[in-house]
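After this come two complexes, each holding chain A, first together with chain B and then together with chain C.
Entry: the complex of A and B
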């Protein structure tokens, strides 16, 4: 039985595209939350349809994919309600490509629901919510290796509700960066999921 | 001269007729004199009814010969007339009052709400079975039937324009808040989690200034604002869970100062709060329904049942016979303990009204215990307890002075007029029976 107030990493299932392109991310981030914080977590994540009222049970939701995104009317309405009530959507472009289909279509769809996405200042509280990231969002191996659009994206994008992030959009391809089995963290000199901890802690505290 | 010869009986009748005529003329003359004489020349008790009170007050105030006055009231007079009568009494006029029926003992108190959204709470004491119409300067607010039990009626008003007025038939009462609550900070202490996040959000959205310290790891907190556990800056502390143990001694001192405390289920288990927690923890109760129905949305929340620890604990909310929220005084402060630990689900998964209802619920909870710094505000004179004010100004009601009431005077005049008519009729009939015209 689920204990009260356990954090559950929820992945959004949307009708178009490949929503399940990063199946290892939830377990890896959940592992990091348990490893670094005292936040109670549920080991298994959840997959929740974007158009379902079940989405409202998970105030932080993760969305990723490579393919073009088109939300249905029901998905847009559900996401709008979710954001209005205080939910936060973290959307990562698995293509790591600002000219890619996912980026163009997802930012357009999210902009329709949440308002235009703008660059998030690298001094934002997100970058100091738990670990300190002085230079903003940490670069990923895919960026450093020149894959995708061959850019290191200096900012994340965000749509705000008041002074709080409602939608966080990344072209960094954290879906690939964090997509490995948690056991393999021991081979890393610096845990690259630490920024994922910041996203979760920010969502839980702001 | 046969017609000159009167019998002994005729002479008697003539004398009687003359006597009747004289008496009639005398009575008419007296009635004319009493009708035309100036009232101000009265030196006895002058009696006025409610309708004639304004003129009577002017007369009693300007004629030094008036030594005693009496008012027959149907309703309690307004503050102006009451104070005028009191001033007359202080000036040496013996002022008394009476009523044909007992006045209802009604009173009204308006208090500012402790909620940042504003509004007021109006408490009305009224007779049983009365229908109370509550209004303010903007119009009628509500009608409510008082019922046969209870000690009064309490209205929570989202806004109040000017004084609140309650009307029960012909009797009215009015009152306005005399101070304004100084809004101070709410401090939320807890673990990083959805409950803490949405409690902070709900209170901020409602207008409360909120400081928070949310524990993320054993040595890491996310802080918002300053945590001053002092009533000069903070009105309420919300301790959601056991992370409040770190501040237990400061919280206890805050409560001793009069600060309000809301204990979540987990926090109430701390030994440090055992002396002030209203209840101990019972079994965990599952949600009664799966969906958040708008009529009773919190039935879809699980909770920790509360068992009152001592006498005097007030159950604020119950479900199916189990206590969900309880309150008790701790010295001059108030402490509320709640069994819910996932109210955020109500806000997120409830119907359209859920976010606002969640905000209002938490805000009302905070306002109910908040330390209230009050700022006096200028209010116009109101009539919050008319009967009490009347008795205070003029004393208890006294009997109407005999022979002095206007009704009595009117009755005497009517009987006198009838007497005149009877006497004149008798005199005329006597003459006609004697064959005279």
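Entry: the complex of A and C
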């Protein structure tokens, strides 16, 4: 049982698709929250069914996958309630693709629940919520050359509730970028999970 | 002429006189009421409903007048009554006539005939008929004179009222307010197949988005100004009438009309066309099948508030696992509908034709599109059902080192990006100068050339293990190669390889066969690059899409990002925070969110301000409430409805307290009791 004021990184479990395709991300972001901030945090993440009322216990929910996403009515209703009550959903396309199956279906489903997703300006408060990202969302190794395909998405997408982000959608494949054991973070010259800290801090303070 | 014959003639004359009197009385009643209504319409301007009522009242009054006259003259039906009537008015008869018509006095008839013969009664009949006609005729003539004196338009509106005719109403001295009376004609969009309607004195026009609205009043168009929050509207004039035409947009708006001294608000409230509702009836639930064979029946219901244009069933087959997936999609039972409100869609999925393998998942759903050609089309989709074929060893796991995606995948992704860039450039092209278009197009063309070279590398590495084929083949190879030339080169390259001698489709070697789509992509990229270098992104797009399609076909290889089940990781927070055994440092508690969101708080402020105005300036308060209602139409429909009731009550001079109380409740929300602190209060 977690303490009521501890942050828990929650991964959303939805009925269609492969919701569990990035199992190392929660631990990695939890590690970064502990490393850079004084936010009380639970050492392991949680998995919460999208249709469950338990979702309302988590201010930030993470969603990822490769396969087509089709929400059930219960999932749609639960997510709508969650967003209306101030929750924030961070959805990342694990395919890192344009117009791919996950992108098309997930944006369509999220659009039905939260309204159309629009490009988030790179000057948005999200990019300065903790670390400063002057150029907007940081590029991932799957975008940059090398193994990357040089396909760089300049913006994240978002659906707003008032002036607050309700749904944040990324095509940048942070699920792959952050999908490694936190112990290996010491081999990186620049921690590539810092943007994850911004997402968490933004969700907890807006 | 005998007494009997003379009596019959007298009876016929009296009957004719009664009918004439009835007709004139009917005309008099109708005319008097028409004159009265026309005068009232001319002086006061009667509401349309009241004028319709007057039509019915006039008709009933005329019929009643005729009926009363005929009832009173019913005596002419009996010979004896006519004889008595004559005896009363011609006393010299001394009851001889009444006696003559009694059968029992027939033997005395010769004497009676002699007594009756000299008496004349035609004068009495003529006087009676003239007296009966005099008053109704006088009333009818007076009514006709009054009607003739009134303006024709006022008489026409009273005689045959119709919606919208009040816009031409001009009373004595012409009222200075050009904004009243006001009428609005709403013409729904053609796809809705609805009739045009006219609204008298509109304060709110609720219409389907895309409808054409014409506001109309009397006065010159140049004297009227109209605007909403975004821009000013142009008011046209025709004779002594002004007209304002506008189209209902997706957002509610308030039209402010002014004639210089008076102003008036008209709310245009769009009625959204709902997206179709689609339900997939069969299959009823997700299914797992060990062997996917046979025919799967598909049934779906679709309905729409206006009309459906098309419906179909679609599927996506996803194959693969881990991070390697391929997708196929298709459509079943596509049906064109011409405005049907609801249908049952039936189809069948041939599982054998899909050639499903273990691990494949078929995603099924039904889709319907409505006929909305204005803001749509609206698309409705059903819940998705899945049909899964399990793998033989689903619990197996394998750990393989990660590898980069195959080159063909990279090419496909980048070509998509270039298509998006070219498409974007084409869209904004009309706003750009030619020089900018050419520069941007050439920049995309340079990327296209780089990508083409990468495709060439893939082809020639596969064929002969040598990269940079374009450069290595000299300047002549930089020119566009036809697919045949490239295939020939590829064939030549493979002759030295071990593939020689293998029989394959069309006599090609397997290597060439596999590379044919990439060769097509290469060729299409040449064409696209040429158009882009010439500053024609629009012409390049078909070639770019052809290249992408070819690359997609070439995606034979699978990614090998297979992963095993990772360990459950618990972060050692003390270690990460370098706190060791020290007491943990607590984070500052998070403040709970405000109970009322800022938009709701602003609405409360505006509502209070409108109520404060109500006593001092009722019209201004009504306008404020109308504006508040428009802002709440989409975000707080309950509040908007309550405010509409309150505005109607205030306009009609009725007590608006109940509606305002409902609006206040909608603003602040119903009080709720909770058993415990909400889940988020601890943050």
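Remarks
Simple rule for what comes next: the second predicted complex is superposed on the first by the 199 of 206 C-alpha atoms of A that agree within 3 Å, B and C clash if a C-alpha of one lies under 4 Å from a C-alpha of the other, contacts with A are read in each partner's own complex, and residues count from 1 in each chain.
The working rule: a residue touches a chain if its C-beta (ideal position, glycine included) is under 8 Å from a C-beta of that chain, and two chains touch if they have at least 3 such contacts.
Bear in mind the structure is a predicted one, so any value in this text is a computation, not a measurement.
Contacts of A:155 after superposition on the shared chain: neither chain B nor chain C is touched. The partner that reaches more residues of chain A, of the two candidates chain B and chain C, is C.
In the superposed model, A:56 lies in contact with both chain B and chain C. Once the two complexes are laid over each other on the shared chain, residue contacts for A:130 go to chain B alone; chain C is not touched.
With both structures placed on the common chain, the touch criterion links A:201 to chain B but leaves chain C unconnected. Once the two complexes are overlaid on the shared chain, A:5 sits against chain B and chain C alike. By the touch criterion defined above, A:86 lies against chain B and chain C together after alignment on the C-alpha atoms of chain A. Within the superposed three-chain model, A:39 lies in touch with chain B and with chain C [touch as defined at top]. By the touch criterion stated above, A:16 is placed in contact with chain C alone, chain B being left untouched.
Within chain A, the residues touching chain B in one complex and chain C in the other are 4-5, 37-40, 56-57, 59, 85-86, 204-205. Contact residues of chain A toward chain C in the complex are 4-5, 16, 21, 23-24, 27, 30-31, 34-35, 37-41, 43-44, 56-57, 59, 66-68, 70, 72-73, 85-86, 94-95, 97-99, 101, 147, 149-151, 162, 176, 181-182, 204-205.
Within the complex formed with chain A, the residues of chain B that make contact are 191-198, 201, 212, 214-218, 220, 222, 302, 341-342, 344-345, 347-349, 354-355.
Interface residues of chain C facing chain A in the complex, by the touch rule stated above, are 316, 318, 323, 325, 327, 361, 363, 365, 383-384, 386, 404-405, 409-410, 413-414, 416-417, 420, 566, 568-573, 576-577, 584-590, 593, 597-599, 679-680, 682-683.
Taken together, the chain A residues at the contact with chain B in this complex read 4-5, 7, 36-40, 53, 56-57, 59, 84-87, 129-130, 201, 203-206.
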